[in-house]
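Next up, some structures in structure tokens.
What follows is chain A paired twice: with chain B in the first complex and chain C in the second.
Take a look at the complex of A and B:
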């Protein structure tokens, strides 16, 4: 029997239809808008592009966006892990309540989140007023940007790590204990490594969300050029000034960097899975 | 090392998993805990490993677990130094086969930890033992079920356990592999003589591998004995029924003058003939003949409407020239009689 023969025989019916639909959908909804953006950007000459990127204001905004996003994603992965662990492994009163609260940042309009955060972290706000005497400015500062990004990225980390913890092999932990490992050794050598792929996915999603965030950040950030201005805001203000070329240039840089980052993390995932035969 | 369990009880909510169970496993022995699911055999094994805690009792002599006469009931799993093998292997999926086996040595406290070279030698030795040399760099997902279970066994043996506990180790494997691994386990046991307790629901496996078999049912031990003892001298109706197929006759035979007794006769303990042999012969009609197997299974419907299975050697089947609808006589050559239990 030829190899293609068995492949054909094994393929589920409906392959052509579903693949066609998927390709059409991905093209229409994702590839086409990106192509349009690239087309716009291609009108930008290389010198113009480089000029835009050389601008200190653009550089500062890109630095802030990527720096704060990576940091927020790291924070979210850590605390998301702790929260997911608590929700899965322990039974306590109010567990379901907390479980559904976690999803709120998913559902809230980002502008509402921004205003809510402002109410708390503004210099006169609930928490902000107590931090001012310590010299900590939570609003109109890079810290404010970070707070907003942590807020909106948290559910992504929790919701990707949670199922992985639920599916953990309890017997593997018992096996570890029977082999003489302490609780800490079992956790660091058996439990944590099995959760690494899920944590990486959680990190990626939280990062992707943070990179594109706009609504919840702009209120608390204050948008001071060179200090608290994120890239998406800069794009919007360029568009307001009718500078489509400038907006496209920044967008292309964002897009390339984001795509590269996601691809890199995918590659790490793929490498882990291939190495351990889990694909 | 000997293992002893003294009068342990275990309840999960309102469900009784173990009821006043006592058992002693001698040093170097291979004992099988045999029973249907829900009989408490796995709970007993996990209790010996320290993964379950016996119910507390007022009497200080009850609920004890002794390793070589030392009470270990309060010891944690990691302190007991038992090798535990799970039905679904429970290998560490993110570690290579080599690292899986080395795990127990690597997690030892600094003072007792062997050097890297020593660990290397030990793992190599174990890979040889489980016939998986050259598989050290593979990952569990790249192995077959039988290979995975051998790795799990090597991992448990690496720590030189005082007791080896196997929970349905071959339960997830297909019949052929199971048979091979069973023989291999017996050979391994003869080399190492580690005290071993094996949980299984497969009576063939228990009878073939174990020095002694502990038959369990509904949270209690029904019988403890050598495979021969439990098979040929079953202590209860449950034991004879669980260990292979059996025909049940309600007391009509001359041996059973006590009235309501039940007579158990295994299919191979019945003789089939064209003519009546003696007063115990029962007449009937052949209903079905299964010829696949070492001996043929002949199903006979007796005159008082009972279905009986008789195992007939192939050559005898041929000389009898049996066919469907044939009138025959069946005569028990041996029988196990149990009088009804009035203790309720």
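Take a look at the complex of A and C:
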């Protein structure tokens, strides 16, 4: 029995069952919803689509969303790098706790983060009240949008750069030092170049996350049309007004941007693998 | 406090650089992460324990907790089952389009929750593909409980699968082949051989999946009618209370979710040490 079993079984059992269920579920839960959006958007005439996107309110929200997201991703890449370097290279009290805490924005529901940020940065808030006398408005302003996007994107930057620093070749640093390079020269000429792909990936992931963020932003943003209204919120407003076509037009733009970014990450990864000769 | 144990003299940064970077990290983490966490509990208990207890015992709050638990109790097991099937199918066999399938499984991570909600409206709304058919059977999905559950399921699809696939890929199929050649059935092989090998990764995926399921806001808010006591989940109820200028109650409910996310982080670190995701951390344990 077992002998014929081995002879026949060129595959482990369960191929049809597991692949069948996987394909069924993926089609129903993921492919069908995406197809519905794309078909809805393609059923609309191109001119109508462009008209929607050309409206000043949509333009303003797209500018704010992309601008604040890029800026937040840049800030996150810098502080993400500093935090990752500190956590990997240095030993200090509370290091492990800080390391675990980095993932808080992942674990915390976005609505909870949203009202917490509002409690801190509102004009009467913990920090907000001290900034108002200086004329800095942290809530209900584009600055508030930026703060929320920095909060939400931070773990993406840290968690992408951290493993790259862990895998750094210490011997290359030592070789560079023994050849007479200063610590700074070693860092900028040897260490930094090999961390660049990870930093770029972290930037892109943080950016992709920021573009689609909703819950943590809407409270602190105040949602003033033309000023602090992000794209996700505009989609919701359009749906509330029963303007499904308008909602789909903005959604397609955002979705294209995110998918483009993720393809970019794939390209970076492919490039690194080719360069280092790993497959 | 040996500061750079394990690193040789050459790769050690100057003391002032270390102090600067550690200070920068601690300052940023405090401002960005610890302060918001602290403020939730501070605001929740500021008006006294009585106000806190009252907010939690409110009828609508209770129903929001119940709906959140319902949505989680449905989406986590379904997506766990899916994750196991998908991981088995993509790691035990080779077939064309496999890497495309794995990429598609990850898509819900890339789709903005609000857009996910919009997609579900296009499918199950009154004017949607299946909306009118389902309506004729008396089943309303959008602006009702099934929509909330579906939205929660959508955003949590990849969690278990994406934890299991790399782990099972790395473990290979030799043990399973051994079991099958000794006459074990597919199911026996899975339960007795595969499952013990992947249990920590599975638990890790389930943990992240549950945390996200309980906290989802954007997708759920689009497909829910936001009727208190009926289609409001905990995050939606928090939103509603906050917009009513009832901040103490909003923060009281938030403190439940914030506590859960702290527990998630603790369990996550504990599991990570077991899964060998980050070998550096493991070395330190030894």
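Here is the rule we go by: the second predicted complex is superposed on the first by the 229 of 279 C-alpha atoms of A that agree within 3 Å, B and C clash if a C-alpha of one lies under 4 Å from a C-alpha of the other, contacts with A are read in each partner's own complex, and residues count from 1 in each chain.
Please note the rule applied: contacts are C-beta pairs under 8 Å (C-beta built on N, C-alpha and C of every residue); 3 or more make two chains touch, one makes a residue touch a chain.
Keep in mind that what you see is a predicted model, and the values were worked out from it rather than measured.
> Mind telling me which of the two, chain B or chain C, contacts the most residues of chain A?
Touching more residues of chain A than the other partner does is C.
> Let me test your reading of the model: by the given contact rule, A:275 touches which partner, first (chain B), second (chain C), both or neither?
A:275 contacts chain B only, not chain C.
> Which of the two partners, first being chain B and second being chain C, lies in contact with A:45: first, second, both, or neither?
neither
> Let me test your reading of the model: by the given contact rule, A:235 touches which partner, first (chain B), second (chain C), both or neither?
second
> First (chain B), second (chain C), both or neither: which does A:169 touch?
In the superposition, A:169 contacts chain B only.
> Figure out whether A:177 sits in contact with chain B (first) or chain C (second), or with both, or with neither.
A:177: touches chain B and chain C.
> Go through the superposed model and pick first if A:190 touches only chain B, second if only chain C, both, or neither.
Only chain B; A:190 stays clear of chain C.
> What is the contact status of A:59 with respect to chain B (first) and chain C (second): first, second, both, or neither?
After superposing on A, A:59 lies clear of both chain B and chain C.
> Which residues of chain A are in contact with chain B in one complex and with chain C in the other?
In the superposed arrangement, which is not itself an observed complex, chain A uses residues 174, 177-178 for both chain B and chain C.
> Considering the complex alone, what residue numbers of chain B touch chain A?
For this pair, the touching residues of chain B are 49, 51, 76-78, 80-84, 86, 88, 90-95, 103-104, 107-108, 138-142, 152, 155-156, 158-159.
> Can you name the residues of chain A that touch chain C in the complex?
Touching chain C: residues 1-2, 5-6, 9, 11-15, 17-19, 21-23, 25-26, 29-34, 36-37, 40, 79, 82-83, 85-94, 96, 98-113, 115-120, 126-127, 150-151, 154, 163, 166, 170, 173-174, 177-178, 183, 208, 211-215, 219, 232-233, 235-236, 239, 244, 247-248, 251, 254-255, 258-259, 262 of chain A.
> Along chain C, where are the residues that touch chain A in the complex?
Of all residues in chain C, those touching chain A are 1-5, 7-8, 10-11, 13-14, 17-18, 21-22, 24-26, 28-29, 32-37, 39-40, 43, 82, 85-86, 88-90, 92-93, 95, 101, 104-105, 107-108, 110-116, 118-123, 127-129, 153-154, 157, 173, 176-177, 180-183, 185-186, 189-190, 208, 211, 214-218, 221-222, 234-236, 238-239, 242, 247, 250-251, 254, 257-258, 261-262, 264-266, 268-269, 278-280.
> Once bound in the complex, which stretches of chain A touch chain B?
The contact residues of chain A facing chain B are 169, 171-172, 174-182, 185, 189-190, 193-194, 196, 275-278.
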